[in-house]
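One structure is given below, encoded as structure tokens.
Naming follows writing order (A, B and C), and every chain is counted from residue 1.
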């Protein structure tokens, strides 16, 4: 398949180096925290893109996997007092289990069932967290998680390493035959079936991979905030991730990751907007849908580097 | 027992109003409108503004609330959805962003606290020894009436026939000279209007609050999937099924578990009969 | 020799409409057979029933002695029954080669380790080898048909179903495509069943014609006899293409 070009590789190294050095240069714990959140959102955006961007099946409830991962970490820490490092693998397993529960009945079908089911499942999970407050901590959520790594800077580097690994794995998969199949499924499912491809299997498998990384990101987020609460399941989280993917350029994996970092940083700049923030996001999405249907970052990068290829 | 019967009927009627509008605009225009819950919330807030703040009489406030939301729906379809119809995903995204924009708009304007709307009917009615709020009864009656009117409209009028034709085969309908774009506007108005009416009707006895649209919309999805995408009778049947199941679960177990009813119903439907109770087919 | 495909009493109703009624026929290995019928006679529905894209109400489809009815479309392909579509459906945004690589990823093509090389081989075989690296959007209609055939061949079929391969093609494109089909039939000993509603293309190509109308088989005969069959003439030739048939 496609080889990773030198240009892309050097671009990636430059961005990662910049991200790794930024907190050292700025030397502010607050900014390190902001960057940590940026990078976690980047993991969520890249994982959304792998399933929905490649196969074209819209996932409107990515927060289901994010929340599942985060709450897994929360329960492990506050109910079983487990070693915080157990959170990561357990969160992956739980998120994958959720993806199978939603994906199996809905991805066999054509039509909007998957999109509706994901949106509904995440909304209902958020609701269940409030209803079964005896177990989930209700509105307050679960408190008192231990950090995975004490130093915020070291934790940031760890999360960044996870992002790099996630983007590398997902990009490798997307550029492999597997990714070609997923793009073929987006194009025409019937033709794929006529070529003997088990379309349902590939869709569900890619959803589980997407969910695994989202759940991992959820656990990383929980151990950064040291608490989890029901808004993690909210539709707002899902749509924020989707907007990031759109800004980055759907289907390119690295674009959405960068889109997430850019938008999260922008959000910090827009702090003065306070409650208007989400409005700005929504407006951004509308503008992109109308004027830049292919997104901003990935197409821009391709344009800029065209001549070096 | 009688209590279950009456309360179940009330929630079924509200669900049916929401689900029928949602399935109608999907069946006719293939628009999966994720802003449907926003229409419901807007209806409730419009009722709040017109009655609690402006103190207008009910017979003006309620129709005006419904009409303004219907107009909002038509404008949304015309200027935001129609240019993006080439892509199913873009339509989903734009309607979802409208729904978020509305939610945020309500939040910024009215804050997150619960708003009260005075009861339209203060009296309690006693049926067979069960006291039921007049407002709930009004919701039930209005719901049944609206659905009946809608059915008559679609079955008995020329415009209704045109709507049916478009839903069955949009291309053929266009060749026959039916102005599909105008039909979409009409259906959007009906869809948004019924959702808003549901919002107006429940506003006195449910909490009026910016995020109030999301869960009812999720219920509407569930009903539409169980009933069969695009089928109006299916939606009504499924609304009854869900409304009563929830009421029964609330009585027998606990109201906490009602939220799970719709989820379980959807999963069972998709496993056993994906096209729904009365749907023609699963795919579109 | 026993039949490779044996269809018995296959029926399908859509609502009140009978799309396929008690269709029974069988194909011998290595046969090149045509299905003839006017538009709307239920030819494509029959293909969809055979390939699992539509579930039959009753009847059975035995392929190499095994029941196909009830299997998912991709499983049927993996038993060795490949099809093309009447409307060509390339995967847009990919190269011609990538379009065939997708089909080379199916389980039946597992033994080909270098998928790209295998895809190139197939493209050479159908005469598209020189266009492998081009975006699929640039292909003319006739080449898209060849691409469809290459994709179908990638799954190593024992039975190939072609849904109106000549539809929409100009006369200069029809003859080479017919030659390709003949060559596949001859060289690879493929059993081929093809749908067509124009009689002329049939005459030189197939050894047997199954004529259907309103979802029912009305005649099975060699092409030279089928044109003289009174039911076929009534159902079909009388209506539209008498000129072609007598030509």
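Following the convention adopted for this analysis, a residue touches a chain if its C-beta (ideal position, glycine included) is under 8 Å from a C-beta of that chain, and two chains touch if they have at least 3 such contacts.
Owing to the predicted nature of the structure, the values given are computational and were not obtained by experimental measurement.
Visitor: Suppose chain centres are the mean of their C-alpha atoms. Which chain sits farthest from chain A?
Guide: With centres defined by C-alpha atoms, farthest from chain A sits C.
Visitor: Give the chain pair that accounts for the most C-beta pairs in contact.
Guide: Among the chain pairs, A-B has the highest number of C-beta contacts.
Visitor: Where the CA atoms of chain A average out and where those of chain C average out, how many Å apart are those spots?
Guide: From the centre of chain A to the centre of chain C is 44 Å.
Visitor: Provide the C-alpha centroid distance between chain A and chain B, rounded to the nearest whole angstrom.
Guide: 32
Visitor: What whole-number Å value describes the gap between the mean CA coordinates of chain B and chain C?
Guide: 47
Visitor: Can you check the complex and tell me which residues of chain B touch chain A?
Guide: 32, 34, 80, 83-84, 87-90, 92-94, 96-97, 100-101, 104-105, 107-108, 214-215, 218, 221-222, 225, 229, 256, 259-260, 262-263, 266-267, 270-271, 274, 282-284
Visitor: Can you name the residues of chain C that touch chain A in the complex?
Guide: 51, 53, 72-74, 77-78, 82-85, 89-94, 98, 101-103, 105-109, 115, 151-152, 154-155
Visitor: Write out the stretch or stretches of chain A touching chain C in their complex.
Guide: 177, 180-181, 183-184, 187-188, 190-199
Visitor: Touching chain B in the complex: which residues of chain A?
Guide: Listed in rising order, the residues of chain A that touch chain B are 56, 58, 60, 105-106, 108-113, 115-117, 119-121, 123-124, 127-128, 131-132, 235-236, 239, 242, 246, 275-276, 278-279, 282-283, 285-286, 289-290, 293.
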